[in-house]
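So the structure is just underneath, and the comments pick up after that.
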Amino acid sequence: MTEQTVPQAPAVGEVTLESGAGGFGGAESQAAAVGGITRQTQFGNIRRRFLRNKLALLGLVMITIVFLTAIFAPIIATHPPKAQDLTITLQSPSSEHWLGTDELGRDVFSRIVYGTRIAVSVGLASIFLALVIGVILGSISGYVGKVWDTLIMRIADVFFAFPLIIGAVVIILVVGRGVTPVILAIGLFSWATVARLLRSSILSIRESEYVEAARSLGASKWRIVTRHVLPNSMAPVLVYAMVSVATAIVAQASLSYLGVGVPPDVPDWGNMIAAGQKFFGFKDYLWFFPSMAVVFTVLGFVFVGDGMRDALDPRLR
Amino acid sequence: MRITGRTTRVGIAALCLALLAAACGGDDDDGAGGQTGGQQQSGGEAKKGGVFRIPIGEPSAIDPYNARESEGSNVTVRLFTGLVTYDGNNELKMRPGVAERWNANPDCTEWTFNLRRGTKFHNGEEVDANSFIRGWTRASIGTAASQVSYHLAQIQGYGPLHATPPTAQTFSGLSAPDPYTLVAKLDAGDCEFDKQLVHPVASPVPSNAGDARNTTFNEAPVGNGPFMMKPGTKWEHNQRISLVRNDNYFGNKPNIDGIEFVIFPAQGRLEAEYRAFTAGEVDFARIPPTLFKQAEGTYKPQGSFIKSEQPGINYLLINNAKPPFNNVDARKAVSMAIDREAINQGVYQGSLTSATAFITPPFGAFHQPGVCGDWCKYDVNKAKEFAQRGGLAPGTRIKLAYNNDGGHEPLVQAWKEQLERNLGLVVELDGVPFAEHLQKRDRGDFDIARAAWSTDYPSPDGFTTPLLSSTSEDNDGKYSNPEVDRLLKLSKTQKSDTDREKTIEEIERIAIGRDLALAPTYYRTAYRVFDSNKWTGVGLDFFERPTLETASLK
Amino acid sequence: MMLVLFGASIILFVCLFIVPGDPIATSQGEGRQLDPSTRAALERRYNLDKPLPQQYVGYLGRLAQGDLGESYVYRRSVNTILKEKLGNTFRLALAAIILEIVLGIVAGIIAAVFRYSFLDVLVTLSTTFAIGVPTLVIGLALQNIFAINLGWLPLQGQSAGAKSIILPALTLAGVETALVSRLMRGTMSEVMRADFIRTAYAKGLSKRVVILKHALRNSVIPVLTFLGISFGGLLGGALITETVFNWNGIGLALVGAIQSQDNPIVLGVVTYGVAVFVLVNLVVDVAYAFLDPRIRLE
């Protein structure tokens, strides 16, 4: 039940963190020990390292393409995505219809173009939701600790134990189909990892030398949290978020494939793959192109996420 | 000797049949149903042998007490033979099963069945009137919670027996004056009661059947039919059910040695069946609608393609109870605004037959082509005109409900697009899984809905009463017309087929032709493929089941 | 851990019974309405006529005895139904995990040992790519290539014996194999640069011994942890893979049960899946503590 996600790269990071073998917390705190000035230069270092990474750059380009397509969909698409024409159903790609037509005579290319909107909005919104919940709860858990920590972590465990797809299906069963339930569902089953990650990160930073230094210098708790602890511990969370968008997009497509995603006339890659699967073997373009769209988008986010992680932790290179 | 050329085969088969019919003169039915497909060779010449492999989905039950969907019934009817059978004749007349003769009293409130002597269950026990009483009681008693025993609800005493908890342990209306006579008294006269008994729930059961929760019997029913469970086997869930020929069968013994039901998972089952067929793993298969054209092209030339008109009807269910469709003109507008043929060609590759009537062609004399009149023809201008007359203004929001697990997306999306384009309506698609969809319909939570209906027994009453009677629970459209109600009641008491025919025709003219209570869209046509290189005599019967009793190796 | 299970089961139970819709009417499945008496009989049978909290308590009580209830549609014990399908899921999970181990670890080792070589680049690029392709697409693509175009392997189902499991296992393992390989490469690279390895070389041990005996043993722990957790998840049933390949496991049963509102099966499969996952996590935690000397010292 756990398959089909883009399993969190932080599964790696998490293990390393837990075992205290270093990873983000270690490198970060050491590098930041000297304080604010070093942090700025360090950011520059990170950025430079990222941009030098060819794959990461490629990923950035890919994501940009997807975003632009989503924004400028009406201009890029050649036909209205919902326009049916029952006289030209199931036609192979042609000059008139670049990627062919589906079983209702709708233009596949245009539907894929508009599909970016759903993918991007669902992907971003659901992860945003997960981030909001996860960061808030994770910070409380990590910084305030004690009872809150235990409580929040137990709740997180419950959500964690539900594989994403199963949990999402259950939510959708209750709330109904549509874009919002999908966002809600994916967000609800992703926040747990964010919280856990952030908590681990905070825990290791909290005790680091420079925080102690700041505290001894008389900085208020609030200032410590917002200026020192949070920014430094967000790194793994951001990497996870990047990859999570990819996971969310895949999850959303999979939910549509299983029949519990967005309504069927909405141009969505998952719906298109599900519908196209019926024509397996003789009209393969129907499921192939939407699949490629998913892969393209996901890879973009994965490359960027990888690049971010590599840039942030030089020890892995 | 291989006979090439389908036409030649048809000719020879027809000749043989004619000769045989002349020679034997109206014997027990051969169970030859349906149309086209492999033509039947005359009984005497058929080769014996072979095991026919047929794919099904996992049944919910094969025990006759609750066999309720086509998968389960497909198995049950091979294992059990009831009082009567049906061979697909145009007069909708029942043929003898275990009952040799039967008749009803003048007002059809009492039926008497005379059983054949000496017929046996697979375990050797004799089948008598009590076997039937036992089976019917077992299925109808409240604790069994059978979802199909309603077919026996007309018999006196059903109510107390079926209650939860039961207040009676037997049917007061059933009796066996002697072992081979069964008398059934009904609460109200029904001149088509014998037709109801063709359903598997009316099967006889042996004395060791126990009650409905006897899992041994659930998994390996012991019946009296042309086939029996392969000795030593039982229902292997999600895998297979194996049957072998019953050599002591009282009727026409099957030619094949046995049947292997290969069970496929529900998800993508149609595609899986069809692929299994193309790979030679099964001898028969349903065809996914989207692969229809391809299948036809490949298999029709070989004679492996079956096209059979079935009794079912697909229709647009319309909510007569609330605006905007409580107005007849609005209903007609919608029906004329959808282009049945364009959808048929574009989405279904021409595999459907657009409906012009509610009671379908397999009902022979009862079918009135064109009774739907103009309302089933695509006419945008007329649609607009009627829409205006009926108060169906552009911009009206309506809900189109359908079940999202039946592959109907292309259909409803096409309807939505056409209604929006032609009438300016705003159509909201509401697709949920089948059961939930039915509940929505029941609550009236829809304006129009995609629907289909079929019947368990060969009478148009299986359509008219459930869908047009104001007291029927299945009448989700809530059509209510006292005149129609009166005629429906009348038809049940008319013993003469001609009289009944006139009544039913009148009902259809009023309910559909005049009131358009619902909008028929397509007749149900069933398509199958079978391995005609290996088998012959394979067609579809009235109940859309393969005619395995007449199939044989080539 | 019990708390997690408890919490999960409450959520699930409540969700299922909030769901609009009527599971009893659903099991009718025919288009006809259920008569009141049959409905009453079924409600009584499945305790649906009792108030929700009481139902939940009853459910918990049966659960404690390992009884997952009875399916609404098939009227058979959920335990029996699931047991029949568990074998298939288990076989698939096993095949997938073997693939992950063999392919993933080997690829990771190669990439680490031959760092920056062509092989390394090949492995790294292909694994990065593989992560990005959703399981759904992998499944469809494999089907298309091997079953339809080449016809080497069956399209779906389990009937072709050993051949049937190849494509589903590859699909299921796909993404995680890539992850395993990357993880392996990562940890092994790190270990290979450690002092104690240099010492081993200095001592004159052959490269082979160094890698297999010292480097591997130290770097494989996080990978095994990951694999353990992965296996726990796989045992819970692979929804997408089983759907694409019509593989008759509990994942497919879940999808079908959701469609037909067969709540006992939905509850049963998810409860089982969560339980297995939690259990395996526990085992992994314990094993990890055991294997990693650093933890042990705490």
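Quick notes on this one:
Order of writing sets the labels: A, B and C. Residues in every chain begin at 1.
Following the convention adopted for this analysis, a residue touches a chain if its C-beta (ideal position, glycine included) is under 8 Å from a C-beta of that chain, and two chains touch if they have at least 3 such contacts.
Predicted, not measured: the structure shown is a model, and the values here were computed from it.
Across the assembly, the mean Cα position most removed from that of chain C is the one of B.
Highest inter-chain contact count (C-beta pairs) belongs to A-C.
With centres computed from CA atoms alone, C is the chain lying nearest the middle of all the protein shown. One simple way to say how far apart two chains are is to compare their mean CA positions; for chain A and chain B this gives 50 Å.
As a whole-number value, the distance joining the C-alpha centres of chain A and chain C reads 21 Å. In this assembly, the C-alpha centroid of chain B lies 41 Å from the C-alpha centroid of chain C. Within chain A, contacts with two or more other chains are made by residues 259, 277, 280.
Contacts with at least two other chains are made by residues 268, 405, 432 of chain B. Within chain C, the positions touching two or more other chains are listed as 20, 243, 255, 258-259. The residues of chain B lying in touch with chain A in their complex are 268, 271, 288, 290-291, 294, 339, 342-343, 345-347, 404-405, 407, 409-410, 413-414, 416-417, 429, 431-432. Touching chain B in their complex are the following residues of chain C: 20-23, 25-35, 37-38, 40-42, 44-45, 73-76, 81, 84-85, 154-157, 159, 243, 246-248, 252, 255-256, 258-261. Residue ranges on chain A touching chain B, taken from their complex, read 82, 84, 86-87, 89, 103-105, 177, 259, 263-265, 275, 277-280, 282. On the side of chain C, the complex with chain A involves touching residues 3-5, 7-8, 11-12, 15-16, 18-20, 128-129, 131-137, 140-141, 143-144, 148, 172, 175-176, 179, 182-183, 186, 189-190, 222, 225-226, 229-230, 232-234, 236-241, 243, 251, 254-255, 258-259, 270, 273-274, 277-278, 292, 294-295.
Looking at the complex, you find that chain A touches chain C at residues 1-7, 9, 11-12, 15-16, 19-21, 55, 154-155, 157-158, 161-163, 165-166, 169-171, 173-174, 176, 246, 250, 253-254, 257-260, 273, 277, 280-281, 284, 287, 291, 294-295, 298-299, 302-303, 306, 315-316.
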